[in-house]
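Read from first to last, the chains carry the letters A, B, C, D and E; within each, the first residue is number 1.
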Amino acid sequence: QPNAEVLHWWTSGGEAKAAAALKADFEANGGKWNDMAVAGGGGDAAMTVLRSRVLAGDPPAAAQIKGPNIQDWAKQGALGSLDKVAAAENWDKVLPPQISSIMKFNGKYVAVPVNVHRIDWFWANPQVLAKVGATEAPKTWDEFNALADKLKAAGITPLAHGGQPWQDATIFETVVMGLNGAAFFKKAFVDLDDATLRSDGMVKVFDQMRKIRGYVDKDFPGREWNAATQMVMNGTAAMQLMGDWAKGEFLAAGKVPGKDFLCAPAPTQNGYLMNVDSFAMFNVKGDDKQAGQMLLAKLIVGEKFQETFNTYKGSIPARLGVPKDKFDACALKSMDDLNATIASGTLMPSMAHEMATSGAVRGAVLDVVTQHFNSSMTSADAAKKLADAVKLAK
Amino acid sequence: MLPLGVMVSTSLKSAAELRSGSLISLPRELSFDAWAFAWNKANVGVNATGLAPYFWNSVVMVVPSVLISTFMGALNGYALTKWKFPGANLLFGLILFGSFIPFQLVLLPMSMTLGVLGLAGTTAGLVLVHVVYGLAFTTLFFRNYYTSIPDDLVKAATIDGAGFFQIFFKIMLPISTPIMVVSIIWQFTQIWNDFLFGASFSSGASAPVTVALNNLVNTTTGVKQYNVDMAAAIIAALPTLVVYVLAGKYFVRGLTAGSVKG
Amino acid sequence: MQSSLRSSLSRIVVAPTFALVLVFVYGFILWTAYVSFTGSRMLPSYEWVGIDAYVRLWQFERWHVAITNLFVFGALFITICLALGCLLAVLLDQKIRIEGTLRTIYLYPMALSFIVTGTAWKWLLNPGTGLQAFVRDLGFPDFVFDWLVNEQFAVYTLVIAAVWQSSGFVMALFLAALRGVDQEIIKAAYLDGASLPRIYWGIIIPSIRPVFLSAIVILAHLAVKSFDLVVALTGGGPGFASDLPANFMYEMAFRRNQINIGAASAVMMLCTVMAIIVPYLYSELRGAKRG
Amino acid sequence: MATLTIKNVQKRYGNVSVLKGIDLELTDGEFLVLLGPSGCGKSTLLNMIAGLDTITDGSIQIDGRIINDVHPKDRDIAMVFQSYALYPNMNVARNIAFGLEMRGVDKPGREVAVKKVAALLQMEHLLDRKPAQLSGGQRQRVAMGRALVRDPKVFLFDEPLSNLDAKLRVDMRTEIKKLHQRLGTTIVYVTHDQIEAMTLATRIAIMKEGVVQQFAPPQEVYEQPANMYVAGFIGSPAMNFIPAQVVSEADRVGVRITGAQGSSVLPLPAPSAAVLNKVGQEVILGVRPETIARYQHGTNLPPNFARFSAQVSVTEPTGADTLTYLALGGRDAIARVPPKEAPTAGEVAEFTVDMARACLFDPKTEQRVG
Amino acid sequence: MATLTIKNVQKRYGNVSVLKGIDLELTDGEFLVLLGPSGCGKSTLLNMIAGLDTITDGSIQIDGRIINDVHPKDRDIAMVFQSYALYPNMNVARNIAFGLEMRGVDKPGREVAVKKVAALLQMEHLLDRKPAQLSGGQRQRVAMGRALVRDPKVFLFDEPLSNLDAKLRVDMRTEIKKLHQRLGTTIVYVTHDQIEAMTLATRIAIMKEGVVQQFAPPQEVYEQPANMYVAGFIGSPAMNFIPAQVVSEADRVGVRITGAQGSSVLPLPAPSAAVLNKVGQEVILGVRPETIARYQHGTNLPPNFARFSAQVSVTEPTGADTLTYLALGGRDAIARVPPKEAPTAGEVAEFTVDMARACLFDPKTEQRVG
């Protein structure tokens, strides 16, 4: 009997329901699912556990790993190849190349994508916007600034924000895209080009960050993202910049998209910041386990799972050709933009969510961003520090 | 008291009230749904089992760990104070310093060691880990308690023909209850509440309750149910509270009264 | 007592502990020290690269912040906990009827994992939702309590929460020791004209001195290892103003795949602890040899 | 300096009644010695005077003021504990000085006082030691020093010299006596040493099972014990008790004792009315060992001396005297005779007894007659 | 039953030398009493015999076997601790039975033994109490019971009766003596009570500052003390020491003492050669208080009695005797006289002294002469 131990951090709420769907599917196909859930710190705890399991010589069959980490694990020789399934299922066709390249090591599939989260979303409360006469979310950062000033004057917190490094970084990378475009973003955070990191463009980004700092209320440090979402919901703040998972919070509160809340892409010069969850398959011994891995991989990329899972989770499918009728307006918009940016080459991996760079560099960037945001550091200093930190972490 | 109050009151609110009201106000109407939900319905990973099964995992792991480490600590404390050998203090210092090792540091080498021992992912392995890192503390507690017990007692028992272990069991242990309580409270709390080791060295269904609790409470991109979180947390903490209440009774006075004059 | 058989039995009894400690503490420390001199990143590797990791470590501003915080946090936390724990124990020692209840109340914070109390604390300390808002609602609009979100003071909120959690246990520790003190001695002190506070201060507390060793070691250990607390309460923030070395180390070793730097920071941490604790232990243990 | 009045004081532990109504009244500057068998409640009584134990019933007054509810530290009492109760964390000097420190005496003042007391107790060389490094007797001296260094209203001593050697004990006894004479402090003193009791006390209270048997000056207790218990308790070796009958022969009244050697009548000089009332009845004759002497042939006996002969069973030399066990009135009696007069075991010898110092007791009530 | 040999045993704590080379040899069934001032090392010596303390130097043998490294529990020794060291968690019965339990005696056997010992110690009613609920004397009896219940090779008693009243103490003393006679166990016994020492010991060892001063049977220690220290230590009140000069007058040898009343010569009956050697030199005359008596006018003095007159400063009645302080040879001397012979304070009275029982000491070495 194919069996698989699956390490993941989808432990509660919609995520857990989504994961349960996969399990149900897996078991319907004769597999035995051995759940190994470790939540915490956006997967940090799970990664820690994964490391000890690998060192103990007892890795799980599949583990939720994403971005460059897949390459790192593969380099250690810890991952097994999925090429057989990939060929049978024609993955090269159904997966966008920007995504499939992340899943491959030396041209071989070692991991499978589950979903695509869009990071650069504005979530807004239309009633609040209406108070200052706005009807939709701003399209450029200048517009944003103008709107925010108006809101502020009206005594409304323009931006709901949680002061955690990853949230700071989410805003930061969105601003980078918005002010400097995808090419700059790629040079800075994928290629880690020192000159770009030090450039005036980066200084401008920090200037904008300083402005944004003025648009958040002063109790923001340490706040969870969903507490910030609440602020938008009950009207104490106008907008929030957050990934598409924020939608779940609105829906859970019975809010209706379009009426009670708006979703709009943040100003990113028609870019798209993505966060792709994926499962990597580890080298395991035993036919049953290997069979389990293959089955799991096949199911994950399968249309059915991609559809159910992503409706639960609020994200969009990572593969193409999934029927769209079950998805809501926000998700549909996201899908369209995804396709558009794939074509235009402005689809970018999220830096804040560790899709663009290794953990070390990401951490270094976060350090600087969050330090700048929480202090009175000048933008020039920040850019210089950023470049230095990245160099140190490389 | 305040944080507990907040937790209890939150756990008794309904989800709707939570979203609307202030976080630290009292609930308008009591609802125990969250408790029941946390106990056996909530999603912990992909399975909607609630905390219940993990609860027992924890019990199975905690009880032997606490007993073994307390017992060994008492024995060490006794040996290090009443049967001093050259270097006993140095040895104690070495054991003691071990308590400062950061657990994060331990993680990787420990995984390798457990892998070598074949204990990876077993409850026995977890017990071993907890015993090892509890010993410094239990030894510390007992050693410092035993230094204040008159040596004459041990001498008298020796003359009476009691051996090393007989003195320990018949004389020393019966007069150590307060410190035993302290040691048990400490070890129980530490082990019951441990997350890092529990997550790293257990596998899937044998995970302790803290891992489950963490899974239930911690969500990155999911919706928060604070009432359930709080209820779950309180449930997870109940055994510890029970231990406090039960063990606390043994904080008695005058255990050595009347034994010697001086 | 001299008998060779006896003291060897004593040694045998301690031996398992010693062996465990040797392997699982000192062995691991050596391993870590070695790893800190390698280029390990995601998984430990064993090629030697020298002190590179240390050089990098000290270039991290965050590390400097963490170390400074450790001293501030540790000193405050240990002092306050000792004082408070001691005080509570002395109060509880006065044969009061509701002792059992109070003891449990003082102890309970220890029972709750910070995974969750952290949330409650956050609400309480957050100016927007917690105490500040509450007191302002009561009619003191100028009340300010915003340490949690204040870069300068965030580390003190850690102290508050940590004291809240640990002082109960310190109390239990002291209480156990107080219960061992001979009542006759207290009687003698009464007759010497000492007031109750003087008796505690002058006689009882000095005579339970070994407990201070226990308490200080426990507290120092908690201070050095405070990790959950930071994660739950401030997440190291605002920025990384309230970071502690344990968090730094975890961050490096497990989030940023720089195990060598993590190991180096662990080694530095141990050295710091050693520099403070070893002289203390030395004086305590040497002094305790007689009487 | 204070008067101390103890009125109907009782103490029960659970349902064990330890003190059953103690009444004692000490005038200013008195030196009361409590005597009594182990466990009769002496320490308990001291504890209650000091305020260290609750009083089940009754009242204690110092200087006329009821102090039942006064806190020990406000009673101005110094005490030597039977179990010493030294402060283990302090060295000898601080143990002694602590009471002064608490009373706000400054450092030089304390040092002078400690030096003086240490000299008195012959322990100057021990001032830096911790109690754990002292011998039993040295600990006891520290306990003593802790009390002596102060100048309280009342001193309470609970067997303060029991672990000291004879020589030191004599020295200390003298010092305590001097102290008492100099300061006139009221003292309550528990001891098992009769010499201590006799030489120190202004009055002795003899207790038995929580009841005071006699409360009187030492000589009175010794010579006119209230009952057989007191008579037997005081004096070592104890008073000999011999069953006898009061007889009236011619104009003389005497007691007849009957033993293996036949019966003989010992005359009673100056019998009291109470004794005369007993004529013909059984009594117990009490004779102290030192009132029995070897009869020196040819000596003229004063009228109050009676002569008898008895068989000696055992002799026990103790250095100064030889204890001689002899059969008297069917009982084993002990005589304390100088070694040179000592008979040998088995010998039948002639003895004299000083009847002026003999006592008569009622065999039923055990109270002294007359 | 065992022989006990202590050879050059030394003990140091750090650089404090507590025992400075003790040599004692006990034959089978001996009863050794250790006497000495507080802190002289008696308890330390017992601890070392029991194996509870390390021996810095020297060796201890039981039955000829060196036991320095034998574990205490294998030495088959029972001990009464000066500090009692009762097990606080056990009641009296278990405290007493514990040694038997450890030696594998079954329950009924233990119960019988405990009952017997409890009866002996008069504490049957206390068997269920914990040590904390006992009086000082009762605790001491439990400590005693714990030793007596066993049947070891050697008994070690560290002041086992110091907290008991005189009566109980006499009883216990007798019981210990009987026990010794019945079992013949070798016993080492520490006491401060001279009567105990004199009546119990087969030999006494007098210690001072970690050195044995004299090791001899009791009468010898009392009558022929090895030096002034021993002479002064044994006997209560202590021996009187009077500076004197050995003189030879006509055919008689005597000592001249000089005091306020002028000088007088006291004859020495049967002087030894050593004494004769001292003629003309200074010596110290040692006279025990009980050898001084009031001179009875008209009595014929035996030749070994010397007569002198002296002024009485203080008298102290102790019941059986009256201590009389008189000026003798410029010193205060004490005489122990029967109360009826007692002079009054201030009176100049005539006394006799039994010179056959007097001792002479060298004033330099303090050793006895002859």
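Note that a contact is a pair of C-beta atoms (placed from the backbone, for glycine too) under 8 Å apart; a residue touches a chain by one contact, two chains touch by 3 or more.
Listed by chain with UniProt protein names: B = Sugar ABC transporter permease; C = ABC transporter permease; D, E = Sugar ABC transporter ATP-binding protein.
In this text the structure is predicted, and so the values were computed from the model without any measurement.
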**Message:** Applying the touch definition from the top, give me the chains sitting in contact with each of subunit A and subunit C (ABC transporter permease).
**Reply:** B
**Asked** Out of B-C and B-D, which chain pair has the most contact pairs?
**Response** B-C
**Request:** Could you tell me the distance, in whole angstrom, between the mean C-alpha positions of subunit B and subunit E?
**Result:** 59
**Separation of subunit A from subunit D, taking each centre as the mean of its C-alpha atoms, in whole Å** = 95
**Item:** Centre-to-centre distance between subunit B and subunit A (centres being mean Cα positions), rounded to whole Å
**Value:** 37
**Prompt:** Among the residues of subunit E, which are close enough to touch at least two other chains?
**Reply:** 51-52, 71-72, 83, 133-134, 136
**Prompt:** Hey, what residues on subunit B touch two or more of the other chains?
**Reply:** 108, 110, 155, 158, 195, 214, 217-218, 254-257, 261-262
**Asked** Among the residues of subunit A, which are close enough to touch at least two other chains?
**Response** 41, 48, 51, 55
**Asked** Which positions of subunit A touch subunit B when the two form their complex?
**Response** 5, 8-17, 19-20, 22-23, 33-43, 45, 48-49, 51-53, 55-58, 117, 224, 226, 230, 233-234, 243, 245, 248-249, 252-253, 313-314
**Item:** subunit D-facing residues of subunit E, complex
**Value:** 13, 35-39, 41-44, 82-83, 126, 133-138, 140-141, 158-159, 162-170, 192-195, 198-199, 218-219, 222, 232-238, 288-290, 316-321, 336, 338, 340, 354
**Request:** Would you mind writing out the residues of subunit D in touch with subunit C (ABC transporter permease) in their complex?
**Result:** 47, 50-52, 71-73, 76-79, 81, 83, 85-90, 98-99, 101-103, 130-133, 146, 150
**Complex interface listing, subunit B residues touching subunit A** = 19-20, 42-48, 107-108, 110-112, 114-115, 120-121, 195-196, 199-201, 203-205, 211, 214-225
**Item:** Residues on subunit B engaged by subunit D in the complex (per definition of touch)
**Value:** 261-262
